[in-house]
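Paired with chain B in one complex and with chain C in the other, chain A is shared by the two complexes that follow.
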Partner chain A sequence: MRHKLALRIGPVGFRIGSAWRAPLDALAALYAGYPEPEDGICDFTVRLEPERPWRRLIRPSVAIRGDYILPDAAPLSFAHALLAAEMGMNLQMALGHKSCLLLHAATVEKNGRALIMTGESGAGKSTLAALLGERGWRLMGDEFALLHMESGTLLPFPRAISLKNGAIRVMEAEVEASRFGPRLIGTPKGDIRHLRPNEEAVARMGEGAIPALILFPRFGETAAVRGVGAAEVFMRLTQASTNYVALGRSGFEALTRLVKTIPALAIDYPDAETAIGLVDDFQRELAA
Partner chain B sequence: MGARLLVRALRDPASVRHCDWNALIGAARAEQLIGSLAFRMEGLPVPARVEEIFEAARRDSGHQRTQALWEAEMARRALAPLDVPVILMKGSAFHAANLGASVGRSVGDLDILVPKASLDAVEAALLGAGWEHVKDTKGYDDDYYRRWMHELPPLIHRTRDRMIDVHHTILPLTARPRPNAQALIADSVALEGGLRILAPADIIVHGAAHLFADGDLAGGLRNLWDIDRLVREFDMPVFRASLRENAQRHQLAPHVRRALRLAQRLYGTPVDRAFAGRFTLADRLFEARLLARNGWGQERAKALRFAFYVRSHWLRMPPLMLARHLWIKARG
Partner chain C sequence: MAGPTYIADPEGTVLGVELDGLTALFHAPSGMTHIVAPPAPQILDALREGPADAAELLRRLRVHFEFGDDEVIHARLDELETAGLVRRA
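And now, the complex of A and B:
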């Protein structure tokens, strides 16, 4: 590949090759301070390529390729190449990662105990995790929770937080400008701006945590909390997992153990401050 | 670089000590040989991170095997009332028969061979057991499959999301060689449990047909690796004799001979040299096509790939038919 970059996020090494230099410069700036893959060995390869050779120069559009691909994925416009790199890394994890049970969830940690937040897109888990990460919690990841199947611990995967639309303004008020990537306007998912997790989250990316609570947040309703039964939690987490089926029995056993050992709550919240208040209350109850 | 390194690692795993591991893993994933490679390298001193990647690949192969065997069993149950021979082919067959070629072998679709006279009954039984058509059952594609192909239009299972290809022979009817499907079925071997696989020599004949008489050699390194593993496992005088005989019977002797030459060349397969013949100039082109993959998993040698793509259509169809096919496809 013409241009390349290697970096480590939590336990996972990536190498990203690109036909253009600019996307990798943007990626390197966003991931400033991240370590190299251990011994230079990468778990996954992502390639940003023109759809056809001449499209490198003429009306460039970026196809997301790599070890694992979605055959019918549409290419992104060159202005959104940074998003293409992020999507490419996520895709490798979703389709190729088989070492841990992968849950589509955000995780934060305090005192060695982790909170798993999962829900449909738009439930606000990324924003909530990003805010908690600035307010006394350690951000472990906004996209994937990695459940180590033998030990039952959660491993951090603190990639850049993908903020969408309204969440961008919320975090811009909270965090210094140097940690943000460029604002990507009019992507297939609306406006997107990436945020680098804070120094603590990056420095402690090798440090796992014990799961303590599962939350199903839902944004936009009046504040409410209800318990969720183990069977429902199990079903919802199988749907939130990208590799549950592929892991077979060990995935089933790890998920059953998780669901049986920790409580789960569904919370509705009208605004972020309310949600943070609720989460801090839970944390105090769990610690007591 | 990538494909050549992969071939060297498969052929002689102990010889790769200080290589570009990222290139090896990238090429192996692109060629769907990561599981086979991980088992080949098992127990050898490799960097700890590489060992973790291989370990995950070996675990994943185990699950793929379970899924493939389950899928075969589902088809067996659906077709049992028909009382027709159901012959597993390719990956599922290797796993079901526990052949050495199954070690780390990934399996995508389930491929079965049934007698042509039972095709309608087989299709109806599968549709009744939860499989459904992938494509529209009216129109050019469906007609084309039913008239000219060696298999039914693909079916996919509604809940398990797995494809089944139901063959009645091993090459499209438009191809020049005409394999004897009745003989393939008559010589097939029963497994415990009721399913069958092709006779050893016919497994090689099918592999060679698939590689060199049909398709553009995409995924060819894996198909050739199957042939290497199978020939090593079956190799004895009686196998050599029946391979010669069956290759002739199915009008695929040149294809089988080329498969043996290339397997010998790339993987060091022990072959019947008198039958295989000498490595030719044309073989070099096939070799270059098989190795057209770099350490980033990218396809190389675009012109050569395109030439093989054109060849695949040429093999499949007589010129007038090809013209009509391309015309219809271009308008669609």
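And now, the complex of A and C:
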């Protein structure tokens, strides 16, 4: 590969190679302050390559390659190469990580105890996690919750937060401009802008937390809270996991232990401030 | 006429965890996870005493539980067979 970048996010070392320099410059700026992989060892490699060799210069489009690939992954336009790099990193994690059960969920921490927020795409978990990360919580990750199977703790994976459409404006009002990547317009997921987690999230990326509460947030409804039974939580989390089936028995044991030991709530919220108020109330109750 | 005889996988190959009155089962031979309601876990336990037909299973279950009529056991055995948790001998 002509251009290379190596960085560590939580417990994982990534090597990103690219046929072009610009996407790696954008990635290096977005991940300014992130450490190098421990002992220089990379767990995963992501490669951004032209779809065909001659397409590096002529109408370039970016194909995502790596240790693990999806055969039908469509190439992205060159303007969205940063998104391609992010998607490539997610894909390697989702398919390749073995020591943790991966849940498609956002996690935040306070006083050593972590909140897991999961739900369908568009439920607002990324935005909520990003806001909580600026309001007294530590952001552990907006995309994957890493449940370490041996210890039962959650490990941080604070990659750049992928803000979509309306969430971009919400966070632009909250955070200084230097932490944002470029605005990517008209991607397959709409407009996207990446946000670097704050210094605390990056500095403490090696520090796990004990799971304390699972939340299923749903945006756009009148404020409401209901308990969710362990069997339903278990079923929903198997669906939210990218590697549950691959892990077999150890995944089953880790997930049943999680749902048996901590409570779960479904919350409906009409706006972010209401959700943050509810989350802070839960935190006070758990700490009491 | 006696009906079919059923077999369950031995203990240790199926891991069960109770969750709010339901049971999550991990079936190691297939790698599949199932969530089942009573009396499915009790039927599997009873079958681990050895292969049995429906009548024998009912006898075993009624030692510990009040159990409904024959139709219930046939319906549950059909479901467990479809799920791959029991098979015919």
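Methods note: the second predicted complex is superposed on the first by the 288 of 288 C-alpha atoms of A that agree within 3 Å, B and C clash if a C-alpha of one lies under 4 Å from a C-alpha of the other, contacts with A are read in each partner's own complex, and residues count from 1 in each chain.
By our rule, a contact is a pair of C-beta atoms (placed from the backbone, for glycine too) under 8 Å apart; a residue touches a chain by one contact, two chains touch by 3 or more.
None of these values were measured; they are calculated from a predicted model.
**Student:** After the superposition on A, what does A:G248 contact: first (chain B), second (chain C), both or neither?
**Tutor:** both
**Student:** Quick one: classify A:E38 as touching chain B (first), chain C (second), both or neither.
**Tutor:** first
**Student:** Look at A:K98 in the shared chain and tell me whether it touches chain B only, chain C only, both, or neither; answer first, second, both or neither.
**Tutor:** Once the two structures are laid over each other on A, A:K98 reaches chain B alone.
**Student:** Look at A:T256 in the shared chain and tell me whether it touches chain B only, chain C only, both, or neither; answer first, second, both or neither.
**Tutor:** second
**Student:** Under the stated touch criterion, which partner chain does A:R21 make contact with: chain B (first), chain C (second), both, or neither?
**Tutor:** In the superposition, A:R21 touches no partner, neither chain B nor chain C.
**Student:** In the superposed model, does chain B or chain C contact more residues of chain A?
**Tutor:** Ranking chain B and chain C by residues of chain A touched puts B first.
**Student:** Could you give the residue numbers on chain A that contact chain B in one complex and chain C in the other?
**Tutor:** Touching chain B in the first complex and chain C in the second, residues 248 of chain A appear in both lists.
**Student:** Looking at the complex, which residues from chain C come into contact with chain A?
**Tutor:** Residues 15, 17, 19-22, 24, 26, 28, 31, 33, 35 of chain C touch chain A in their complex.
**Student:** Report the residues of chain B in contact with chain A in the complex, numbered from low to high.
**Tutor:** 21-22, 25-26, 29-30, 47-50, 52-53, 56-57, 59-60, 62-63, 66, 296-298, 302
**Student:** Touching chain B in the complex: which residues of chain A?
**Tutor:** Where chain A meets chain B, its residues are 1, 13, 15, 17, 37-43, 45, 47, 49, 53, 65-68, 96, 98-99, 246-248, 250.
**Student:** Considering only the defined contacts, which chain A positions touch chain C in the complex?
**Tutor:** 229-231, 234-235, 238, 244-245, 248-249, 252-253, 256, 259-260
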